[in-house]
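Read through the structures below before going on.
Both complexes below contain chain A, partnered by chain B and then by chain C.
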Partner chain A sequence: MSASENKPDSSSGGSMSRRSFLRVSAGATALTGLAALAAGLAPLRELSRFTSVEKFLQKHYHELSPEQMKRVLERIAREVEQQYDLRPHVRDLKPMDGVEFVYALNLSRCIGCRRCVHACVAENNQSGDPDLEYIRVVKMPKGTFDLTKGDHNYEPEEVPEDGYFYMPVQCHQCANPPCVKVCPVEATWQEADGITVIDYDWCIGCRYCQAACPYFARRFNFRKPRIPKERLNPDMSYLGNRPRESGVMEKCHFCIQRTRAGRYPACLEVCPTGARKFGNILDPDSEINYILKEKRVFTFILKEDQGTLPRFFYYLDK
Partner chain B sequence: MKEETKTAIVLAGVAISFAGLAVVFFTLSAIDERPAPRIVMVDSGFLDTSPVRMNYAAMVEAGEDIFDYDCYLCHSRREPVELQFDELGGLILEEHDYITFEHGPSRENNYCFNCHDRDQLDRLRTQYGTTLTFEESTQLCGSCHGTTLRDWKQDAHGRTGGYWNLAMGERTRLDCTECHDPHDTRFPTLEPAPGPHSMKNRIIVSPENNRDP
Partner chain C sequence: MTGTRNYLRFLGRCLGIAFVGDWRYYAWMGVLTVICLAGLNAYANQLVEGLGSTGMTDQVSWGIYIANFTFLVGVAAAAVMLVIPVYIYKNRHLHDLVVFGELLAVAAILMCLAFVTVDLGRPDKFMHMIPGLGKLNFPGSMLAWDVVVLNGYLLLNLHIIGYLLYSRYQNRYPRRWFYIPFVFIAIVWAISIHTVTAFLFVGLGGKEFWNQAIIGPRFLASAFAAGPALIILALQVIRRVSEYRVRNEALLTLRSIVQVAMLINVFLLVCEVFTKFYSDTARGVSAKYLYFGLEEFNALVPWIWGAILLNVVALALLILPVSRSLRYLNIACVFAIVGIWVEKGMGLVVPGFIPTPLGEVVEYMPTWNETLVSLGIWAFGLLAYTVFLRTSIPILQGRLNKNNEHRALTDSIEESPAGGVEPSQP
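Entry: the complex of A and B
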């Protein structure tokens, strides 16, 4: 508004003064701003249904006393029961002394039947909608090791197909994990038994770890995960398969709720060919120790040049 | 009407409409309880951890009909079995013609008495002359496939289940014949479980159209 236009208006006295204009517009702006703020905060109403003050004030995993952890597990059990009408058995299993987990997968045995993928989904309470899977199975032509020729979406009547081999890829539980280094809030770390875990209550969802992982092993919950009630696995672990919220990362944790209780991971148990092998590398009598000593392992460290030192090995029968 | 009043009315209108919008937004978010679409999960058959086939021992345990293994229902203990061959050396089968012989890379391990005992048809016989029952078939396989038996004993060959930590629980281990048909030893082909749906809309790079120009 120019001064020449303003002058005749103010002299006629019919129009508003500068002061009253500002007063009215300030009031209107404040009102509109409040309304916008209210609208902007609306998603918080939904959040309040699931987030308790308790969860909001919860300390980092490493700072929780056993007493506090007990209360946290109780809260999780309560929340799960509220949502799924099922009382879960939530634990926080600690690493065992003298145990370091290593996984080995026999590429000459894998037939690409994808049973491991779905056993993992069922065991670890992964979202069915949107669907989220920790394990990918890559089909590649025999005689190459060229991932650019890989195919995830094969759907033949029967597997294996002639001329192809199959390579399942999941979290390699690296001894030098790039994902842990990039986490700005220490929501993911490597445990004493070699499992890289995520605290879903601490994760801020920045997805740096997903970008850092050379194996594309980490998954992000873009939406709230949905699991059918009848498929919920009630045997849960804090760092493992308890239900996640939207906006957090998750990945394979070697079925921490099973392996720290002495059992094999779900993907291994369902594998019909016995291509998957798992155990304590520090035990000289374990099968995994035998395999790493006796089988052709070393040429198949995936992306060895990244220096990640995986605890997941591919091998061939001698 | 005065310009001042007009402006005030307009501004008030704008403010009220925004406030109204906020109210609508709140109400909608509060009543947004539409029934969510059904979650499609994989067929539970793909999650089954039982072995791919039932061997003799498993059939006995499950109380299945083991009529097929009762050799002397048809054979006589006094008359030894004579095998018949055609001019090319192929085995001529009259009764057991449902058996596919696909054992070994040349598929030529089709001579019945390489594994079955000629004199006791319900027994097995290793190449070293040891007689074994059908339940002990793993020993028989191992008498030729020694390195595989060694791996199996270490749990490095074959499917395991249960506990990796033997101090905490038991480990299950399968016999050879729970995965391999002794007459047709290649592991059977299986129907693959569904692929990753979240990747359905991606461009699939097939090996055919990914060749170097």
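Entry: the complex of A and C
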């Protein structure tokens, strides 16, 4: 039975016909729905400067012409200046010919002071709130390399502690990087000098690379990174330490803004025991070449079975 | 073109009928809409605050979003368990029900896409994944594969169902060449979406918990249990609230599918647990965390044992003749769905990250905001599925038809609405 047959007189006569009643109530429902939708989306009003048209349309790093790159660097400088009242020097440093960077870390010398961690944070403009660090120092009981026995949150009065050794871990700049392979948008890749970099403006924040990394080297900006103004390092590089945004990955890049300009990484310079060595493996006279050749017996690769071919080695004095 | 106009009118009527129903329909849709909006509000909060509003950390960087995504890909894939009997084995009982299965697949894929989107740190850059505009890392990244197969599956199913329903609406026999090839492609494709989703995890050499060949087969087995179980429940609801006749034989055919799939699923679970624990190597530490906890860290232990209990009880019920009684079949289905949701959702995703590659143990617990977003997406999926059913049932019954187009222009769209004032009880 149709409804209109039930009430034959409702469509004609009567102060309010069934149809117009339905229209009114449908309209009221639609209005309520829209109001509820608006209320639901209200938090978005705080979403200022989430992105700009310029950023939205920006091309992938590999497709930016020098002219476009100049404008991008200009934009970054402008944004940094707005936020930190400090005009940064933003460059896009390219890899040098005949250079492949390699890092070696002397476990016999490391005392676990974490100065490298803090120097890295300062050099690379990492967020202070929430804390974000590229280097993780693991305190290990002597006699094992089983990382599950390590302590990540040690806070003693004094280091080193008896019976322990310290193993700092950071990005291993693998020659066969699992993180690069899995990225769905090619936002991360390996450069000619062996550094695996991230285009922060291209990353969509899926964190697949983070799941793929066997060294726990990648970090995600779960919140908007906050760098204390007085700590900002104005010497910046596009693929390096320029400030990042919420929702993208970052990681150690061997201080690209320093090393591609002929300087040592910050973590190496600050190390009080000289446990950290860095250089060009393609240069036969480099210190790093000597260490890897001469200390070969006592050199080892973390998680060698992963087949990631790291450019980061650990070695022992004797 | 009249063709286009006819089609638009068809779509318009489908949309129109979605807003008509009895009080139960309005109540159900109202509740879902409210949850949806709450979820949308939570997502808006997340966009403002960042993913820090979730329980995820650098240590456990995927959580309940990816867990739900994984489960729902399985539900979507399970539509083939209706399609195969009908199109390959010519099963009569399931014939008309295929549409309901495929509609569930569409709703599930929509939820999958939503869950992946809310998991992104920068959803504003989604076009970086679109070939041409962005740089889709295909075939290198399994996530790129997933984007391709999921969207492809969505389109395939939309085409098949859309065409079948529109033909029925127009009182025309569907032209076989226009949909049968796609049906067979969709069968293979359905297997592929879940295999690819499994490979997403399996392909990570650094995660011993995932880096195993058994994950793929287990995904399929659990999907072919949970998916048809969900369809059974959906059909039970359909036959109660609408006049659509769902025969007991159809439900019992589905029961035997769930039965076999559940048997295989539990068998594969035993295989996995044996491998992890009997050899007792130091590498099985994630499994140890999941099943027994690591010292004071044991957030997942009650969940996984609860899930195993539910799975075993569901299996027992399904094997015993008692589940030929539909009430027990319903219970078995609910148990199987919840058990599998826990076991292959949180039970698969979270322990993969614990401990971290550097041996650190950090636990994960979803926040309230994250839970709201997830509930919102589930409500959205149910809303979509309800609308699909609300439209397709009258079409299948011939009540929403080209012939009654003119009468439809009045307010009373149907002679007796599905889910009408007095639905006939089966």
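What we mean here is this: the second predicted complex is superposed on the first by the 266 of 318 C-alpha atoms of A that agree within 3 Å, B and C clash if a C-alpha of one lies under 4 Å from a C-alpha of the other, contacts with A are read in each partner's own complex, and residues count from 1 in each chain.
FYI, contacts are C-beta pairs under 8 Å (C-beta built on N, C-alpha and C of every residue); 3 or more make two chains touch, one makes a residue touch a chain.
The shown structure was predicted, so the numbers you read here are calculated from the model rather than taken from an experiment.
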Practice problem: Would you check which partner chain A:G98 touches, where first means chain B only, second means chain C only, and both and neither mean what they say? | Solution: neither
Practice problem: Please indicate which partner A:P214 is in contact with in the superposed arrangement: first for chain B, second for chain C, both, or neither. | Solution: second
Self-check item: Partner chain(s) touched by A:P178 [first = chain B, second = chain C, both, neither]
Solution: second
Quiz item: Of the partners chain B and chain C, which touch A:A39 in the superposed model: first, second, both, neither?
Solution: both
Practice problem: Could you say whether A:G262 touches chain B, chain C, both of them, or neither, answering first, second, both or neither? | Solution: first
Quiz item: Is A:V24 contacted by the first partner chain B, the second partner chain C, both or neither?
Solution: first
Quiz item: Touching A:Y290 in the superposition: chain B (first), chain C (second), both, neither?
Solution: first
Practice problem: Give one of first, second, both or neither to describe whether A:G205 is in contact with chain B, with chain C, with both, or with none. | Solution: second
Quiz item: Common interface residues of chain A with chain B and chain C?
Solution: 36, 39, 42-43, 46, 130, 136, 148-149, 152
Quiz item: Which bits of chain A are touching chain C when the two form their complex?
Solution: 1-4, 18-19, 22, 26, 33, 36-37, 39-44, 46-47, 50-51, 56, 60, 130, 136, 138, 146-150, 152, 169, 178, 181-187, 202-208, 210-216, 218-224, 246-249, 303, 306-307
Quiz item: In their shared complex, at which residues does chain A touch chain B?
Solution: 9, 14-16, 20-21, 24-25, 27-28, 31-32, 35-36, 38-39, 42-43, 45-46, 96, 109, 111-115, 117-119, 121-122, 128-133, 136, 141, 148-149, 151-160, 226-228, 231, 259, 261-264, 268-274, 277-280, 286-287, 290-291, 294-295, 318
Practice problem: Enumerate the contact residues on chain C facing chain A in the complex. | Solution: 19, 33-34, 37-38, 40-41, 44-45, 47-52, 54, 56-59, 61-62, 116, 119-126, 128-129, 134-137, 140-144, 147, 200, 203-207, 282, 285, 352-353, 355-360, 410-412, 414-416
Exercise. In the complex, go through chain B and note every residue touching chain A.
Key: 2-4, 7-8, 11-12, 14-15, 18-19, 21-22, 25-26, 29-30, 36-37, 39-42, 46-49, 51-52, 147, 151, 154-165, 167-169, 174, 179, 187, 189-200, 202, 204-207, 210
